[in-house]
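Structures follow.
After this come two complexes, each holding chain A, first together with chain B and then together with chain C.
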Partner chain A sequence: MKIKPGKFSDYAAIGFPAGMLTVFFVIPFGIMIAMSFFQRVQGAFYEPAFVFENYARFLSTFFAGILGFSVGLAALVAVVSVLLAFPFTYILTRMARQTQVVWLVFLLSVLSLSEVLIGFGWSTLLSRTAGITNLLVSLGIMDKPMSLSPSFGAVMTGMVYQTFPYTVLVLYPALSRLDPSLVEAARTLGSGPARSFLNVVVPALRNSIVSTLIMVFVFALGCYLLPQLLGKPSHWTLSVLITDQAIYQSNMPFAAAMAVFLVLVSLSLVAISLLYGKKENAG
Partner chain B sequence: MVEMKKGISRRSVLAGIAGGSAVAMAGITGFPGILKAQEKSLKIGAYGGYFKDSFDKHIFPEFTKATGIAVESVAQPTGEAWLVQIEQAARAGKAPTDISMISQGMMQRGAAANLWAKLDAAKMPNVANVMPAYINKYADGSLCGVGAVTWYITLVSNTDVIKEAPTSWAELWKPERAEQLGLLALVSNSFLLDVTAKTHFGGQDILDTEEGISQVMDKLAEVKKNVQLWYRDEAQFEQALKSGEIPMGQYYHDVAGLAAADGHPVRSTFPKEGGINDSGSWAVSGKSEKIEMAHEFIDFMSQPEIQALLSRKVGTSPTVPRAKTDLTDAEFASVSSEIEPIIPRYDMYLQRADWLSQKWTELIVS
Partner chain C sequence: MINRFVLRLFLAAMALFLSAPLVVVAGVSFNEKKSLSFPPEGFSLDWYAQIFTEDSWRQALFNSLGVAIGASSLSVIIAFPLAWFLWRFHAPWARIVQVLGLAPFILPPVITALGFLSFWTTAGAYGQPWTVVISHGIFFVTLPLVTLTLGFEAVDDSLVEAAATMGADDRTILRTIILPLILPYIISGMAFAFVLSLNEYIVAYMAVGFTVETLPIKIFNSLRYGYTPTMASVTVLFVAVAIVVFGLIARFGDLPRLLGAWRHDEDS
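Entry: the complex of A and B
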């Protein structure tokens, strides 16, 4: 049974989060939108104005390509992370309490590593001189050590490594609340463990999976250090170019315009997937 | 090469760090000398890391001894990022430091936005020592920056992997360098357009026009397949160079010399076309309220003895003529070269900033 809030004071509880959201999200975002219309002064900085040239510059096949790559990369990272993390978390929730705690603490500690550490760590692990290929050579699997970074694979590895603990922690509550009797019923009716996992557990948690995908996608879209540290220039995401413009070219208006574009694209993708999810649920 | 800059060993840098923390401790415990000095103090920015540590240990204490003005040093990031911070602070009416060390391209950008305080040469007699090329002026002729140090970007290589020292920037184009190079990732800090023009087009005049620049970029595009790493972060390349993972590239002569002095298999070579000579100027933030003391500092730093001290202790090249210093041939050779340097076309980087950055990004990303 739901109680409908009637009086104004019933809404007071959400006042604090709403205020924080306004101060730390709405206002900065508003400033960014305003700045994206400012006039760039070449060789210096910018002046307040209302011009569209920052957006006009962005509308090119070059930036469309970069945007497409960034969105694709973030989506792929989200899918791979969830594919790995979902079965992992399912198995984890079926383990003894003690084991779960150890794993969760371990994952939290990975989450506390900065992007810089992860980037440098993986670039060493994937290097020719000190990397894992040396291990493969000593085991006789490879002829000579080779460099695996920078490459697309290295970027994917680094980003999935970064998002994996996050994905597990987001999925964990839903999976641990899952009623075990659902699986038991499936098993009693003769379905094997793999089949009951795919036919019962996965569909039952479809909404959690979709929302996790979205969260990881948005998280990965903002990643700008790992593509730089582990990728070739063709793997640089839009976030890398935004940083270049803001920090190195002092072109705040153009950086803001690109950032607004990136936010709009990710918001609309999120909206589409939520809408799709709603329809599914309704039907 | 291993001989060079024997004045700075890893030990002395570590000692510098220890010295810095001792000062911090004294500050916390309320050491009376520090408190007194706070009445007369300057906030001075220097590139963070080894560079700032050397300044803290060898240079700033000399200034405090001579003038009684305490120095609070601030680790600043590379030119571009720091300029944005100064600019944002100036919009808020603040100055993150009183004095900063600013590279040439950034000096001009800052001047275009009137970020720098106007300086009075009459209050700084020693500034007359500084070579005219290292003096920065506003369009109206007023002084806004004085050369602090100059440095070189040279051709560096790993001696274990590349046995013979390269002699020319043309080495970057050789097919046997495939996937062996580390180059700076931005048009405005790599100065590779200047290098390409001087190496393959007989000089930098070709950079006068857009067609000329496009020709140079086409030539530079041939290097792409040789590049393993386009770096923004110096540490990223330095690590790879030392290990031999990326055995050749462009890098700062002073830091490469430090690595060599530490025993790493690294050499820095002045190519026959010249090393890239960039310099940093002392500039006073327009919002600083300590302009008088800032004049004292810049005057102090422009003395030939201090310029020589910088060469010995920090590894930079002097901004005053060598004849005015007491640097020996060996000391001078370790920080500079007789080969005529490549001086970047700062005017081009400023006037065509956006066009260049767009073209450059397309060049290396595609």
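Entry: the complex of A and C
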């Protein structure tokens, strides 16, 4: 039974979190936006100004190339992850509860892994000395071990590795709440398991799939280290470039402008995915 | 029969995909010499000992633990009153604060990190060790906020009403009824934030990258100069910590429910 807040102490309860989030999240955000209009000073860092030259740099072909690559890569990663994770999560939610818990613990552990560690793990697995090619050599499939990283395939593999557990956990609520009688009805009517999955489960969760695709896309767009650790400089994404400009090139205004741009892209996509999610809950 | 076999094969393939890099890293960490080879040549636990015996690794470990403990406590301290307020009061404007609490987790981490970098440099505190604790505390506030919101939803209204009828005020109800019921959700939210803070790289790097070395920062910095097996042993240690923490949450709590599943007999 909720009531309207009245006393001072009621407001004090929300005052602290609201204050902390304002000071340490909203204000930093505002400063970052302001900084995106600042002017870079050669030799020093930057000085306050109101110029659009940081945004004007987006109009170059170099930037367009990075943006196109980042978006394409994130989209590809999202599609592969959802294609793998959707059937996986469906099977997972049909398992005994104990088995589900074991998988969930494992998935959470992988998901919490630092991007540094994922990058290190895959670069080891794809390396010449300790990598998977040694196994292929000993099986007689390959002549001599070779390094598979840095390459586009390595970046893709690392990013799918990172997004897969996330995708499963985003899909998990919707799939575990799916009414089992839907599938039972299809089975009773003579449909095989694979057919009832494709013809009943997938259409029933169409909106969840779309909103998950968008969520995973945004997640992959935020990936900041794997393209750097597993790829060549031509595989760098917007997130890598932001870090590079901010830390190594000391060009905060340009980094901030790119970050503002990334926020706008991400936020509009998240808004679309929320709209899709709402529709399904309503219908 | 064939279907079942295909299912098993698919699950096994995913399990292999998810564990392959971890298995190789674990193998590398047992190498006797300072080489990156798999299967390991010889067997030694020296690289695990080195995390604790070599000063720079031990320092990084302590830094990481300190940041994670401080940040996870802070995130709970921020999330608890917010979740309580949202549960107790009818105030639509409070949703704005809730969205602010969820935002850091939805936006690409680079953005939050860059926001902190601009904030701490402007505030003149760039590089101070405590700034990373606050940064992580804000960055991970989403996790306890989500678990606590679920926890408050699970509180049986009749218990609260009974206490109120008997004359208990908000404070007494909070202490004697809510807190014991919510405790598992506080602990799991804090545990999630703790594990993620241990692993977090970019926010920590942008806040204190040049003054404080946490383990992920140290591993990244050493990666640029080539491999040492200590990176592998630290990775194994991190995976082990995550499995133990999430395993404990699963053992003492309801992990599927925390992750958004509900049983079909519950909601109808």
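Just so we're on the same page, the second predicted complex is superposed on the first by the 238 of 283 C-alpha atoms of A that agree within 3 Å, B and C clash if a C-alpha of one lies under 4 Å from a C-alpha of the other, contacts with A are read in each partner's own complex, and residues count from 1 in each chain.
One rule holds for everything that comes next: a contact is a pair of C-beta atoms (placed from the backbone, for glycine too) under 8 Å apart; a residue touches a chain by one contact, two chains touch by 3 or more.
These numbers were taken from a predicted model, which means no experiment stands behind them.
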Which partner, chain B or chain C, touches more chain A residues: C
Partner chain in contact with A:Leu229 - chain B first, chain C second, else both or neither: both
Partner chain in contact with A:Asn251 - chain B first, chain C second, else both or neither: first
Partner chain(s) touched by A:Arg40 [first = chain B, second = chain C, both, neither]: first
First, second, both or neither for A:Phe62, with chain B first and chain C second: first
Contacts of A:Ser127 with chain B and chain C, given as first, second, both or neither: both
Which of chain B and chain C A:Val71 touches, first, second, both or neither: neither
Partner chain(s) touched by A:Glu115 [first = chain B, second = chain C, both, neither]: second
Overlap of chain C and chain B interfaces on chain A (superposed complexes): 120, 127, 129-130, 229, 246-247, 252
For the chain A and chain C complex, residues of the former touching the latter: 1-5, 10, 13-14, 16-18, 20-22, 24-29, 31-32, 35, 84, 87-88, 91, 93, 97, 100-101, 104-110, 112-122, 124-125, 127, 129-132, 134, 161, 164-165, 169, 172-173, 176-177, 179-180, 192-194, 218, 221-222, 224-225, 229, 239, 242-243, 246-247, 252, 255-256, 259, 262-263, 266-267, 270
Parts of chain C lying in touch with chain A, wherever the complex brings them together: 3, 7, 10-11, 14-15, 17-18, 20-22, 24-25, 27-28, 35-38, 78-79, 81-82, 84-85, 87-91, 94, 97, 100-101, 103-104, 106-119, 121-122, 134-135, 138, 141, 157, 160-161, 195-196, 199-202, 205-206, 209, 216, 219-220, 223, 227, 231-232, 235, 238-239, 242-243, 246-247, 250, 255-256, 259-262, 264, 267
Residue ranges of chain B in contact with chain A within the complex: 80-81, 83-84, 87, 108-109, 112-113, 179, 185-186, 188-189, 228-230, 232-233, 236, 239-240, 243-245, 350-351, 353-354, 357-358, 361-362, 364-366
Partner chain B, residues of chain A touching it in the complex: 40-45, 57, 62, 66, 120, 123, 127-130, 147, 150, 228-229, 232-234, 236, 241, 244-252, 254
